[in-house]
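Shown below is the structure under consideration.
We call the chains A, B, C and D, going by the order they appear; numbering starts again at 1 in every chain.
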Amino acid sequence: MTEIEQVAARLRAFAAARDWESFHTPKNLAMALAGEAGELLAEFQWLTPEESASLDGEELGRVKSEMADVATYLIRLADILGVDLIDAIHTKMTEVEIRYPPKA
Amino acid sequence: MTEIEQVAARLRAFAAARDWESFHTPKNLAMALAGEAGELLAEFQWLTPEESASLDGEELGRVKSEMADVATYLIRLADILGVDLIDAIHTKMTEVEIRYPPKA
Amino acid sequence: MTEIEQVAARLRAFAAARDWESFHTPKNLAMALAGEAGELLAEFQWLTPEESASLDGEELGRVKSEMADVATYLIRLADILGVDLIDAIHTKMTEVEIRYPPKA
Amino acid sequence: MTEIEQVAARLRAFAAARDWESFHTPKNLAMALAGEAGELLAEFQWLTPEESASLDGEELGRVKSEMADVATYLIRLADILGVDLIDAIHTKMTEVEIRYPPKA
């Protein structure tokens, strides 16, 4: 199993053990993901770009925790929709690399 | 290299080849991530929960593309902050598994 | 009628004339609002704070249009929930003014 | 003064009294708005559409408070950009009414 498949399996077991599977519709998971993206945003909203690049340990800990929440819902959503995230990323990047050619 | 490290390396090369590195502050990347989470949300906003669980091929293609965008910015942000995403996820899940004990 | 009540009435007529009322659940409207907030965010994501404060006419036009979208869904949601937005704002501001006292 | 102008004036005084004006760049305010939209979203994420339409008093209180936060940042952003929100809404609605003609 890849790292992401291991996370997906842990999330599957987590939801099953709590009877939360019926809450995990793609619609709800997209909402939860966006809500966590909002919390990540809130960590940076009053910082200058420079400050955002030199977080202290406490700030970085909070940012890490919010990033984990976003990642968790993303992997759970992918698992439920049967999407291979890594494959989706590489497909998209190939498109984007063509759309925005490198500087000469 | 893990799958995620491979994506991070591809994103690093992508940004370097276009001189986009100065745009990729954590603050800006968090914004870009949240913007893409908003586009993902938009795919689901008028669907019932049931419809969201039975997307047709075209809808699933759009959802996949938005998920790839979210994942891309998340992996780029993690790379820049020196965050190990998989490790952050497992740390967080351990906390959450304790906070919400399984049903007896 | 206040300005906001006039907008709410126009939105009510707009939804009724298109048979869109059943889509406008609070859940869906909150999603639509957050999706538009994501589009607003996208207008600013690669700008420096300084650039964001000196938009040219074209950029300001796009920002205005996204702000209108956010406002529209917010007023529609308030109408459906029976929330008086202006009253809610003043109630919240009174709390916030106490929570964060002014500098001496 | 209209209701919205009164809120804008209160927010202007609030920021001035706390020396927060330099934090209120359009970029930062767009982030704060999107962060609050994420909190609003979180109130609805595990509810069915039907549940979202019949909130109890406590839930409605939280939703109201999040809506006030979104509205506050939207009005503050409009004030700083010199955007007339009500005018922007009506302009946009005229476009949208044409783009989506009513059912015959």
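Just so we're on the same page, a residue touches a chain if its C-beta (ideal position, glycine included) is under 8 Å from a C-beta of that chain, and two chains touch if they have at least 3 such contacts.
Because the structure is predicted, anything quoted here is derived from the model rather than measured.
The chains in contact with subunit A and with subunit D alike are B, C. Residues touching across the subunit A and subunit B pair largely coincide in numbering: over half of the numbers involved belong to both copies. The rotation relating subunit C to subunit D, fitted on Cα atoms, comes to 180°, given as a multiple of 5. Note: centroid distance subunit A to subunit B, computed from Cα atoms, is 3 Å.
Taking each chain's centre as the mean of its C-alpha atoms, subunit B lies 26 Å from subunit C. Taken residue by residue, subunit B touches two or more other chains at 28, 31, 34, 37-38, 41, 44, 48-49, whereas all remaining positions touch fewer. If you check the complex, the residues on subunit C that touch subunit D are 2-4, 7, 10-11, 14, 17-19, 25-28, 30-31, 33-34, 37-38, 40-41, 43-44, 47-50, 52-53, 55, 60, 63-65, 67-72, 74-75, 77-78, 80-81, 83, 85-86, 88-93, 96-97, 100, 102-103. Interface residues of subunit D facing subunit B in the complex, by the touch rule stated above, are 31, 34, 38, 41, 48-49.
On the side of subunit B, the complex with subunit C involves touching residues 23, 28, 31-32, 34-39, 41-42, 44-46.
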